[in-house]
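When the chains are written out, they are named A, B, C and D in that same order, and each has its own residue count from 1.
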Amino acid sequence: MQAFSDGVFAIAITLLVLDLAVPARDQVGAGGLGSALAHQWPSYFAYLVSFLVIGIIWVNHHTMFSMVNLVDRSVLFANLGLLLVVSALPFPTRLLAEYLTAGADAHIAAAVYSTTMLAMGVAYSVLWIAVTRDVGLLHKHVDPVAARAALRRFGLGNIAYLATIGLSFVNAIATLAVHGALALYYCFDQLATPHAGRPDDDTG
Amino acid sequence: MQAFSDGVFAIAITLLVLDLAVPARDQVGAGGLGSALAHQWPSYFAYLVSFLVIGIIWVNHHTMFSMVNLVDRSVLFANLGLLLVVSALPFPTRLLAEYLTAGADAHIAAAVYSTTMLAMGVAYSVLWIAVTRDVGLLHKHVDPVAARAALRRFGLGNIAYLATIGLSFVNAIATLAVHGALALYYCFDQLATPHAGRPDDDTG
Amino acid sequence: MQAFSDGVFAIAITLLVLDLAVPARDQVGAGGLGSALAHQWPSYFAYLVSFLVIGIIWVNHHTMFSMVNLVDRSVLFANLGLLLVVSALPFPTRLLAEYLTAGADAHIAAAVYSTTMLAMGVAYSVLWIAVTRDVGLLHKHVDPVAARAALRRFGLGNIAYLATIGLSFVNAIATLAVHGALALYYCFDQLATPHAGRPDDDTG
Amino acid sequence: MQAFSDGVFAIAITLLVLDLAVPARDQVGAGGLGSALAHQWPSYFAYLVSFLVIGIIWVNHHTMFSMVNLVDRSVLFANLGLLLVVSALPFPTRLLAEYLTAGADAHIAAAVYSTTMLAMGVAYSVLWIAVTRDVGLLHKHVDPVAARAALRRFGLGNIAYLATIGLSFVNAIATLAVHGALALYYCFDQLATPHAGRPDDDTG
């Protein structure tokens, strides 16, 4: 399952580059290519945030499964739910890049993006519940109390994602910035040992 | 072989997102982006069903190969046949998304989609026959009688796929819904232990 | 190296589906979608042949590396050369699909396709030389005499690919058919045991 | 982590083929398809250089991680930084292919391409620092002095990349050629044993 999930994460994160359009030669105005590229800043911004989000989710996904000993049907389908949201992410990214500076439609695009992020947070929490609901699925050294605390922390993240849907109708650019900040936050507040399930693994 | 197959499944499932088109700015009408996006519901519907289908096929593929001990040339090429259909799936998905509400052409698109599903079912059955035809290819603990019963069950699924080709000419939207329902059915009626070939693996 | 190579094979084979274009709604003529799809037969034909070619190359690549014990720098770069041709294959495939029925330009497209196939055959032979040039790189049970015989067989295939470049200027459709036939030929005349390097592996 | 990284490298290298456009039938002029294809030489040139660059980076990445025993959070995020640049590479490649012969805009495109290469070199050096900063992360047999010497060598490469940004404003085609030459240079001046961490691994 890890190989398939890694594949989906790797492909979704790499497909984001298709959202970066090369300006057509006949559409480059008087300012030349430099100005045409600068004009595309919403694409780079959305690309960067979505790359960060998928990267963080992948790191956390890895961390989660380093605790897992057995995988049952519920975990398998909860995982498929998360992969559905991850693999769909290039679409709202392209949408937001296209409409970030489009007036009223920017709010719609930002709301779609934020809703996708909420769906990702919820899918991650559901997977986390599926994994920790049965102590028999986890490795022996995993502490169920710490696992439940991590779940509560993720729950708080989901409330933040919900708030960004509201923020979308106020300011689309700020919404995208907040998603970038939330991704950076998850870099630093994350589950414990990232690798191999060995207690002395994290030397950082 | 598993790594290559997992790769094809993961890429085909992730390439589906390229079928979701961002409405061009100058084609968004008076209703704004929201209405333009809502108008694209056939794309989301087709995306969801195809994602589910590839996901289920992948889970079943994994289950099948957890029973397999040795792989010979016949299995290799039967597997390539299944991958051919899986990797082609983004095409009928895009086709159906584009034509689902296009009057008479919707029937053609739905029939192409249903035929692809039938081809997938047949390719899966052929692979299943290739794998179970020789007891020496399977792990010791696999029961040949149960394996043959599973094959019969898949055969029934193929008759259902055949029926959806007929249904395509009656109602294209209903046809897509039936494919979604069939995929969900395969979630719950599936081969036994999903992982690692250990008898105590499924704790669900 | 196998994981990276498998990835490139899997992606190249799956990207071929992007060469299958959905007819635009306003370009479907009086004959309806069915006739528009039928009109695209060169795309399906080229898709099928290229899928088969990459699939066969992958199987043979796997077979080759099941004999290899150590990988040095020369093998690594010879492998990169093969992957370059494999990953470029969607381009001549799309080209031939677009121009197969385009009169004089069909010959050019077929010649480009055939040249790519020749490049693939040569790259495969070079990799095979890199792998077998030093007995120390191979597993103990591999017979160097049989390995050299296989190389001669591949050399013959390259002459066939060279001939298809000439054939391209006679008949483009026949050229594509010959490439399909050559791929099928390689299905049945191939190196010995496909898996795991165990002598009793192939039960077919 | 290796599986995810291999996936991103493999996908980025294979997505480059999407930058090779098939000339539209109605845009092929009096010279026919042959002349239209020849006219696209900047696409093939940029494709080749970018393929080589990603291929070399992948080989070096593999070499680096064959020395690594443990992976901590810093390494994980430094690696994500490198993957960000690698997965973005198809964009400047397409840009340079489109504008290589476009007069003044060619300089901009070449500068963007060179800046991406510099970012890749810096990201690689940062990852190298993250990996070698703590002797406890490396396998026992790795020599820290040699590791630091390799870092200095990479640092020199970054100065070369910086110089290509200046060269971009003189001659775009020469800039692309220099990037090809730098990639070839990295083929031959590279860290020691490429595989498996066994001292007798490199028989080349």
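The rule is simple: contacts are C-beta pairs under 8 Å (C-beta built on N, C-alpha and C of every residue); 3 or more make two chains touch, one makes a residue touch a chain.
In this text the structure is predicted, and so the values were computed from the model without any measurement.
Of all chains, the one whose mean C-alpha position sits at the greatest distance from that of chain C is A.
In a homomeric contact, the two copies may use the same or different surfaces; for chain A and chain B, under half of the interface residue numbers are shared, pointing to different surfaces.
Its C-alpha atoms fitted onto chain C, chain B is found rotated by 90°, rounded in steps of 5.
Distance between chain A and chain D, defined via averaged C-alpha coordinates, is recorded as 26 Å. One inter-chain figure worth recording: chain A and chain C are separated by 36 Å, centre to centre, where each centre is the mean of the chain's CA atoms. Shared contact sites, meaning residues of chain D that touch two or more other chains, fall at 3, 7, 10-11, 15, 18. Across the complex, chain C meets chain B through its residues 2-3, 6-7, 9-11, 13-18, 20, 22, 25, 28, 32-34, 37, 47-48, 51, 55, 58-59, 62, 187, 194-196, 201-204. Of all the residues in chain B, the ones that touch chain C in their complex are 1, 3-4, 7-8, 10-12, 15, 18, 70-74, 76-77, 80, 83-84, 87-91, 94-95, 98-99, 102, 104-105, 108-109, 112, 134, 136-137.
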